[in-house]
Amino acid sequence: MILGHLTWPEVDSMDRDVVVIIPTGSLEQHGPHLPLLTDTMLASAVAEEVERRSSGDCLLTPALWLGASGHHLPFAGTLSATFPGYVDALTRTIEGLANQGFHRFFVVNGHGGNSEPNGVALRALKEARPNLTLVHCGYFEFLKTEAELVLEGPSKEMHHACEAETSLMLHLHPGLVKLDRAVDDGLEPSPKIVGLVSSWDQVSGQGAMGYPSFARAATGKRLFEAAVGGVVAQVSALRTGIVYVGFPSGS
Amino acid sequence: MILGHLTWPEVDSMDRDVVVIIPTGSLEQHGPHLPLLTDTMLASAVAEEVERRSSGDCLLTPALWLGASGHHLPFAGTLSATFPGYVDALTRTIEGLANQGFHRFFVVNGHGGNSEPNGVALRALKEARPNLTLVHCGYFEFLKTEAELVLEGPSKEMHHACEAETSLMLHLHPGLVKLDRAVDDGLEPSPKIVGLVSSWDQVSGQGAMGYPSFARAATGKRLFEAAVGGVVAQVSALRTGIVYVGFPSGS
Amino acid sequence: MILGHLTWPEVDSMDRDVVVIIPTGSLEQHGPHLPLLTDTMLASAVAEEVERRSSGDCLLTPALWLGASGHHLPFAGTLSATFPGYVDALTRTIEGLANQGFHRFFVVNGHGGNSEPNGVALRALKEARPNLTLVHCGYFEFLKTEAELVLEGPSKEMHHACEAETSLMLHLHPGLVKLDRAVDDGLEPSPKIVGLVSSWDQVSGQGAMGYPSFARAATGKRLFEAAVGGVVAQVSALRTGIVYVGFPSGS
Amino acid sequence: MILGHLTWPEVDSMDRDVVVIIPTGSLEQHGPHLPLLTDTMLASAVAEEVERRSSGDCLLTPALWLGASGHHLPFAGTLSATFPGYVDALTRTIEGLANQGFHRFFVVNGHGGNSEPNGVALRALKEARPNLTLVHCGYFEFLKTEAELVLEGPSKEMHHACEAETSLMLHLHPGLVKLDRAVDDGLEPSPKIVGLVSSWDQVSGQGAMGYPSFARAATGKRLFEAAVGGVVAQVSALRTGIVYVGFPSGS
Amino acid sequence: MILGHLTWPEVDSMDRDVVVIIPTGSLEQHGPHLPLLTDTMLASAVAEEVERRSSGDCLLTPALWLGASGHHLPFAGTLSATFPGYVDALTRTIEGLANQGFHRFFVVNGHGGNSEPNGVALRALKEARPNLTLVHCGYFEFLKTEAELVLEGPSKEMHHACEAETSLMLHLHPGLVKLDRAVDDGLEPSPKIVGLVSSWDQVSGQGAMGYPSFARAATGKRLFEAAVGGVVAQVSALRTGIVYVGFPSGS
Amino acid sequence: MILGHLTWPEVDSMDRDVVVIIPTGSLEQHGPHLPLLTDTMLASAVAEEVERRSSGDCLLTPALWLGASGHHLPFAGTLSATFPGYVDALTRTIEGLANQGFHRFFVVNGHGGNSEPNGVALRALKEARPNLTLVHCGYFEFLKTEAELVLEGPSKEMHHACEAETSLMLHLHPGLVKLDRAVDDGLEPSPKIVGLVSSWDQVSGQGAMGYPSFARAATGKRLFEAAVGGVVAQVSALRTGIVYVGFPSGS
């Protein structure tokens, strides 16, 4: 169910146990070949496909597209929320529906930089309203195994404007990809520093990190299926309800 | 030019004198017959059509859909930003592009309740950055004359989920209108009080105000043209540049 | 009843159905001929006269004189609240009395620039406390008809440091008006832009907008009577209590 | 010079070395015999008399009447700012004039509860703008010696709605004092606790602390003269300019 | 009882009537001879000794070391909280334990600059939770009489990095005192201005104010005993419970 | 170098290229056997040992002990900062030293719950001051390999009040460990949900997660050495200076 397409009486009569899905993205530079709205488009595409397959088990809100993208501001076109503003928008989205009785929320994130403020927002909500079930993670958490299998370039992980992300866009929005301008790109600190906070003009020449030159639509299709499958499984589990069981067997 | 579809080098090389258009909407109840995202859809539709007709004169951002809708919260499905959160999101959207050299901003609003925080945001920005040209108004400011002519119900003005708004949706998104559920609706304080702040469960039984039963797609088409024409004219004027001239002739 | 002149037991024993009147003004430039506190003086004068005529029906707080005047800061002497600070002061004024059981509040505004933050403050209060009756409008809303009749200069509307405002000050505080320095003044954008946010050094050479050279104390007396009459009528209606009735007859 | 009575060109041409005086008061319960606005009236009266005697050496702003009075809220009629709101209002008042070149500010306080937020506001301003000369103190700091001499009741100090404060009001606003309702009042913790934060319904039965029954207008006249004399001396010293000299002689 | 050393079940089973002691200090310049953490060390030393002597009557939290030290920032090494940040940290410390049923709180302050924000924090808490007993004062409030007796230099009061503070450090942390670098120091405004807000580079050449050259460990021992004795007495009184009794005898 | 033990002239003359180390911890429940301050003690112990071994290469601030621990509040004794308050404290600590010319900062975290707000704080700082080198990570990032080798219980990872953490405390603060009360503990959601936000009363019966019954001081010694070694290496790398080199070899 698409929240924005419903009327208020339709929401009013809805089962409150459905899983509310909130996509979070960004409007930030994605190298010379991908559009600024890439993260929002990918999180939304996954969420919309999940909604289609979940036959009434979930309620999809519009995407929050103004992400936490301060580290990309040195590249033109990038917009970024303040952290408090970002947290406030996500908080109010959840609170609004929680005040109407919905209690299961799943933030499907498309931008790594949103992960920390998503955590901050949901943890503060959980402290204030312990009865809510609150989940946030990137759609890319569910395609790691598939990425190992299908990526053809030197790196088998998701980075930024990389083979994986470019492939997803080739699958979903081919008209918006300027593949001929893609540049394999990326720098990393030497020596490696755990937890170093970098601005993207330090870690990339053209705004990408990874090997977009290897991207293919077919790769994107398989990654997309993996992501959708992972989110569908998680929605299904949330819909059934969580129980807490004993910590790893052993002692 | 659609900001979200561009790459960063495309924005980087863009003429900074273009007019940035920012649609602002809401996700709030619109009676039993219109979808929650109506205001966002209408502001976006106007803005997108203006972008199409303005051939490179304007740069369109995604719509801010989380509006200032506290007065509609008694009806299910409605979400609302806090006022400071709303102001922060709009402010950061403008600041982000102003930091990159853009200086003409036109907020095309689709929700009356956003008008005050739009004013607050833009006035604070103007105080901080006097060189920016900042404009905000509802798309509905430009269809008043046409509404007088084409509306067929008892009221010739735009209200909420009314004949005009329903007609616009019938023109633009007929599949999302449940016209058979539309109810002519609306209450007003007696005696009339100038400046009374009402919650929408006080002024409407079903969430509408006006005469949606009179709505027709053809009406919507004419209203849409009027709105688009007004915004196009204003974009054109902003693109040319404003001069200040003597106050009303007379003395 | 003047709140500031009462003792706490007098407030404690008061009928909670009275209408609390809160004047809001500014301390901002008013051209070369009117004092900085003009808006505060006029809103206060109207409110005080209404209090005198309403025999126990209303409770008058002191005026909030630190207004939202960022657009006048380029002219010396102007002070301006931040928007959040302004909203906080008005909110706390209302909350303080609402916590004591008062529930009818009427903000009588004397400065156009306060209208948006007055709306923001009252709407957030209404969302949090739906049982309050909250009203805000300029005293100048009630003198429009009279202005059409009595103003002698080329413009028949209220602007800023104009014929109307200067006439009101000549009637109420003639010793503070330097009429010999008044300059008919004002600029407007060409082409006209709906919703343009301007700083006052863009729209006025000397800080006024309108035709103060036409001002007369007798004009001010009539405008003052109109404003007071309008506010008295509104206080009386609020005191009686509002009912909501069917929207414009028709269908 | 009364800021609110001046036009902007008059401020514009003013000597920036004058001392800006900002009265801060409250609107809070003052026992059964004094009006709620007592603190504001007394700080304003002192400041206005100082302005009269200082022939152009100082510039007087309107009083901030919404004080930090949370500890008096249990008594009807009391209003209180939030601490951040109070700090913001005072900060913006000073910043507004500091941005215009004024650099000497003297906050004349009439309410003990404002002292801490006055300190917070001025210290943060001093950190941000080290070149400002910033002073805040109660007018009552200057009448201690005189109080020892003239107060006739058991306590020789200023408390709240006490002999001293009531006498000042009898001198300045006799029509607002209901002396027949005054009750000698006040409680204190036993054992005495240094730094105990009390609400006023804990430390007073009727809202006063002290011996208002001993109040006399003649006493008030002498206390007022002492306060005015102290503030005038301080304004004069600030006008001349401060130098820093060696710490207490000795070693 | 040292809160940080306890387990949660130990706190859970604790008597809620104990007095929670919260030391507040700073990390700020203390002249060329005392360490930056002096204020925190002294407040903590007093509080720890009080805890040892109070056999279960009090619960000691860790010290808040990031104080309100903006006026010392011109000297290297100084760190300072923002005022709102400082207030928030103290507020949350108290609220956390108040939510668990503790209701008696005693902030033992070691830095004069914290006094105002301590007041702001505790007053706002008292307004929100009237049943809490909230106390804040400097440990130095309790050694004034002893200081008059034992200080040997020209000044008999506590200042900053002075004879008293240096003596306390010689008694408690002799290894951290560089006494050979101590300089008798301090400037004061002439003429004296009541309530002048100064930055420390205006009132001291090397960061001290007073006569550290006279400092002796034996002096520090006596001052420490006085401070501890005063705080112990106050803890004991709070533990017994406060009653409010009639104001100063007399009428 | 221990910042709190230095005088301001010692900081003033210091090499600005040293690495500032800021330990962040918590005061939160750690099961029935570990003290509330465990996280702060462990981060501090690591940081202090690193400082000892780094001979002048780093400058150690006091630990921020009021962590982001809202998820532990259901257990007695736990205190928690607000997220904005936590971010503000860390920000001001870094800003204070950055304003004095220090530019390399390493936040050594001891509490997993601080990771998100540490990221938020440092990312906002990096956006505002791109020339700073900012790093944050848990000390526990550096002991993973060692943990695999030395932990004896069923889980080879660090959890909370687990074998690893308890062993570290047995090594460093054996007197504060009540090992006889330790309970192997922990629950997890079934089915597993990626990104679920849980309160600790949902995932643990007694507040621990893991197998503290297997803890031994000798284990703690080895884990401590691993953590210290990892941080020392990173400090050394930061002291030398970071360069950015080509992304993973390959294409």
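We call the chains A, B, C, D, E and F, going by the order they appear; numbering starts again at 1 in every chain.
Assume contacts are C-beta pairs under 8 Å (C-beta built on N, C-alpha and C of every residue); 3 or more make two chains touch, one makes a residue touch a chain.
Since this is a predicted model, take the numbers as computed values, not measurements.
Among the remaining chains, none touches chain B as well as chain E. Residue numbering shows that chain E and chain F use the same positions for more than half of their mutual interface. Our note on geometry: chain A versus chain E, Cα centroid distance of 48 Å, whole angstroms.
Averaging C-alpha coordinates per chain places the centre of chain A 28 Å away from that of chain B. Residues of chain E in contact with at least two other chains: 73, 80, 82, 84. A ring topology is adopted by the chain contact network, closed into one cycle in which each chain touches exactly two others.
Following neighbour contacts from chain A out to chain B and onward until the ring closes gives A, B, C, D, E, F. By the touch rule above, chain A contacts chain F in their complex via residues 68, 70-71, 73-74, 80, 82-84, 87, 107, 113, 115-117, 119-120, 122-124, 126-127, 130, 133-137, 141-142, 153-155, 184-191, 193-199, 202-203, 209-211, 213-214, 230, 234, 237-238, 242-251. The touching residues of chain B, when paired with chain A in their complex, are 3-12, 27, 29-37, 40-41, 61-62, 64-66, 73, 75-82, 84-85, 88-89, 92-93, 96-97, 99-100, 176, 178, 181, 207.
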